[in-house]
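What follows is one structure encoded as structure tokens, with my remarks underneath.
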Amino acid sequence: MRATRLGAALAAALAATLTLSGCGGGEPAGTPEAARTQSQAPQGPVKLTYWTWAPNMDKVVEVWNKAHPDIQVTVSKQAGGDDAAAKFLTAAKAGNPPDLVQAEYQHLPSFVAAEAVADLKAETETVKGEFGEGVWGLVTLGTDGVYAVPQDSGPMMLFYRQDLFDEYGIEVPKTWDEYAEAARAVRKKDPKVYLGTFSSKDPGAFTGLAQQAGAQWWSISGEAWKVDIADAPTVKVADYWDGLVKEGAIDDTPYFTPEWNKALADGKLLTWPSAIWAPGTLESNAPKAEGKWAIAPMPQWNAGENHTGFWGGSSVAVAAKSPNRAAAARFATWLNTDPEAVGALVKEAAIYPAATKAQTALTEAPGYFANQPDFWQQAAQASAGARGFTFGPNVGVTYNAFRDGFDKALQDGSPFSGAVRAMHEATVADMRKSGFSLAS
Amino acid sequence: MTAVTTRRSTGLLPTAVLLAGAIYCLFPVSWVLIAATKSPGELFTTPTMAFGTGFLSNVSDLLAYRDGVFWLWLVNTFVYAGGGSLLATVVAAVSGYALAKYRFPGRALIFNLLIGGILVPAVVLAIPQYLLFSKVGMADTYWAVLLPQILSPYSIYLARVYATAAIPDSLLEAGRIDGAGEWTLMSRVALPLMVPGMVTIFLFQFVAIWNNFLLPFIMLGDDGKFPLTVGLYTLLAAGANQPALYNLILTGALLSIIPLIALFLTMQRYWRTDLSSGAVK
Amino acid sequence: MTYSAKRRRASRRPLLAPYLFLTPAIVLFVLFLAVPIGYTAYLAMRRTRVSGLGLGGGSRREVFAGFDNFAAAITDGELWAGWLRVLGYGAIVLVVMLGLALVFALALDSARVRLARFGRIAIFLPYAVPGVAASLLWGFLYLPSLSPIRAVLDVDLLGATTVTYSMANVAVWGGTGFNMLVLYTALRAVPRDYYEAARLDGATETQIALRIKIPLLMPAIILTTVFSIIATIQVFTEPTTLRPFTNTISSTWSPLMKVYRDAFVTGDLYAAAATSIVIAAVSFVLAFGFLRVVRDRAFGEG
């Protein structure tokens, strides 16, 4: 009997240990809490975490940490793009977001709608003048608030293989009509080569093309959202690419796939309508083509115009729940306006800065484009003609509908304009379900 | 004479079958091996099955990436997989033993409930687990990845099967007659008999945690706590305007499989023989 | 003390012990399964309600939604289409994977096989490759311009009809070794003299395999089938990883992908919670239905 009791006692002890190790988790959990309280105390340095996926951001942050022993920033490198946005929203909902987060412009409205980011209006009053109106609109969303500090921008341009253009005897297209002609000409000269490709996986690129044509997917009228994704300019863009893909003049390999990388490396793809950040991608995927690529303004819908759209670009936002909002805002403004910081961003993270002064300070072309000394002048020109629009609060839904819709259109040959309408319907249905006010 | 030919031919057929299977299974692995030797420039330009020249530079690039964060990921993975599977094995063995060797009210219910856990997809569980961990301030800690993986329905099932087969009831009865307590019986008689089975459970759970992606991906924000799977994913999904570091990913994937292969090769010897003898009544 | 008295005492003793031994597992079960599931059920009955533009403070509230989310999940045509796709995919995976596992296990266990150790390790090796890596790897091998397979076989491996097979191949590749090991372990547990007796009676190795080994393996086969059914219903990693390579896999290809999409891409945690409960219920019915039928054989013990 005694032995049984001993056994029971031991089993209970084991169970208790295991349970304790379960609860013991509370101990390390207390630590960040403790660190937080400590950081609020005046004596210790403020500790900030920063979620980003820009390469080499650690090196830029190092500069800040050296100069500001009282505010120490830790970089946490995340998987980029939509994953990062979803993860930040979940973290904010759960109540433990990082202090600072890299926010792509199209995701910022979702962050604001989820009340995940702080209004930095007071903190950014002094740096407002450093940014152009277009890019500033992307962080205010046309409201009185300021929800992030712009970091980089991605005006679109036409990247093309200069050497192969010469070889095939093709002129750089100035309009989309010329682009279509060139696409057909290339196919005739070499059936293995395409002038370009349409990606059903990159809603960001399509958004940029639609912006160039003058699309206005979302806008705010009074106290209601106006949604018009299947507007005339967007349908025009969709129909244009639809035609080219269907007649076989353009490929449909998605961007950033191994397949696409190979086509770039092999010289089977002659152009890429992309954003200013493209040199980094080209350099890492087709290192041997260095000096063979060149940039030109985007082909225009009407000859003589100078319009383009944006693809990508990020801002730095401060979490609404951050206990160190002032310090975080100080860091965010420093990172994106201080000449030393922006210089380091350009050099280490290879971004095209959003701050106007920093843009004009760029002189030396990226190494990969050493053959084109006027690279940055071209970029500045493109930037001047770029037009964007206010993004809506559920871009995730819209972009997902883009992928599903265009995948399906490519698969069963249905018209692209149908996919655009599906995007519109999915977006409106989701906003209606959530209860957003919609202007009809 | 006929008997001899039949025997020889039946020896040939299974060998051929196994070889075909081995080739099928090794083919993609050999592809990674080759791909990991290619420099970024070679990856998309040289023939698929031709060796490249960049293996050493890939490895050194990977190890130098962000001041050697790869090492940190490797250590983290060992912590999660080692710690988690050790605890999982103990919990499973004790539970399996109790379910196999005792008759008590609620036995079937408890067993079905524990096993039923396998029906709940990880994707479904990870989100509420994350929200709940956040509520108690434990999200983004080592515990958030370690604790949920201690309970493994499949391990408990295996442990129960082993306990049933490996522990003779007569031995327990004899122990009880000699006045041994239940705790003593479990720790001194049952668990030693279950060691071979526990090695297997440990191994399976180790592999499961080593390869788990979704739970750490959702739970962790600090990249210093990432395991290999999530760390490598951050290289792949670098965002639209950042090039994916394919050569580093392939090299990293190769390096992350090596410890598991080593584990297979060394542990194989133990659990091939022991497993079968443990399972025989 | 008489024998029967001893017996009585012995059987009276372990009353509390099994419960104590099971306490760690039960505590973990409650904390990391029951509570999260309960929380999911709670979330499934809620939704966000936005007012106006949804941009100012306090314009977003969480409200009670009753069974709206469930109704939406059950009436969602995409979800059912997803079930159908998974059904087709699952049938291929189950038959091919378990068939191969059985063949390999029998080959390993046959009397005169060579290279058994090498074969076993090689076939088991894919199990060590994380699902994400395995899909990525095969994804590379399927791509037209990179694939060494395409050099031999001129089929679009990621086309509308072939993509299901291609995905099934990834699952078969990763899962065969594990199931082979389970079956092989069960075979090793069979006393060798069973076969010797048959051999003395003049049975060939093939006859031994078909008439003795496979019937003996039935419980293990049933078990691997149950676990494979459950794993197949939950297919997520393969289609998600292959999706960027092809335009034939939508974001709602499998039911679990829809959960992931709702939760992480379109940000509707509540719809995701409701859908996941529907999925768990369907898995429950399928797996336990199958288990009910074969339960005594699979879990039969002394």
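We call the chains A, B and C, going by the order they appear; numbering starts again at 1 in every chain.
Just so it is clear, contacts are C-beta pairs under 8 Å (C-beta built on N, C-alpha and C of every residue); 3 or more make two chains touch, one makes a residue touch a chain.
Per UniProt, the chains are A = ABC transporter substrate-binding protein; B, C = Carbohydrate ABC transporter permease.
Since we're looking at a predicted model, the values are computed, not measured.
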Q | Contacts common to chain A and chain B (chain labels) | A | C
Q) Which chain's mean C-alpha position is the greatest distance from chain C's? A) A
Q. Once you find the CA centre of chain A and the CA centre of chain C, what distance in Å lies between them?
A. 36
(Q) Can you work out the whole-Å distance between the CA centroids of chain B and chain C? (A) 15
Q | Shared interface positions of chain C, touching two or more other chains | A | 13, 17, 21, 24, 28, 31, 140, 146, 263, 269
Q: Specify, in ascending order, the residues of chain B that touch 2 or more different other chains.
A: 44, 91, 94, 127, 131, 147, 182-183, 186, 233, 236
Q) Which chain A residues reach two or more other chains? A) 4, 7-8, 11, 14, 18, 22, 83, 87, 90, 93, 256, 258, 262
Q | Partner chain C, residues of chain B touching it in the complex | A | 6-8, 10-11, 13-15, 17-19, 21-22, 24-26, 28-29, 31-32, 35, 44, 48-49, 91-92, 94-95, 97-100, 102, 104, 107, 110, 113-114, 116-125, 127-129, 131-132, 147-148, 150-151, 154, 156, 161, 164-165, 169, 173, 176-177, 182-183, 186, 207, 210-211, 213, 229, 232-233, 236, 249, 253, 256-257, 260-261, 264-265, 268, 275-276, 279-280
(Q) Quick check: in the complex, which residue numbers of chain A touch chain C? (A) 4, 7-8, 11-12, 14-15, 18-19, 22, 82-83, 86-87, 89-90, 93, 109-110, 112-115, 141, 143, 145, 200-201, 220, 223-225, 252, 254, 256-259, 262-263, 393-394, 396-397, 400, 403-404, 406-408, 410-411, 430, 434-437
Q | Residue ranges of chain B touching chain A (in the complex, touch as defined) | A | 40-41, 43-45, 66-67, 69, 87, 91, 94, 127, 130-131, 133-144, 147, 179-187, 217-218, 221-224, 230, 233-234, 236-246
**Q.** chain B-touching residues of chain C, taken from the complex the two chains share
**A.** 6, 9-10, 13-15, 17-19, 21-22, 24-26, 28-29, 31-33, 35-37, 39-40, 43, 100, 103-104, 106-108, 110-134, 136-138, 140-141, 146-148, 173, 176-177, 185-186, 188-189, 191, 204-206, 227, 230, 233-234, 236-237, 256, 259-260, 263, 269, 272-273, 276, 279-280, 283-284, 287, 301-302
(Q) Help me check something: in the complex, which residues belonging to chain C touch chain A? (A) 13, 16-17, 20-21, 23-24, 27-28, 31, 48-57, 60, 139-140, 143-146, 160, 244-245, 247-252, 261, 263-269
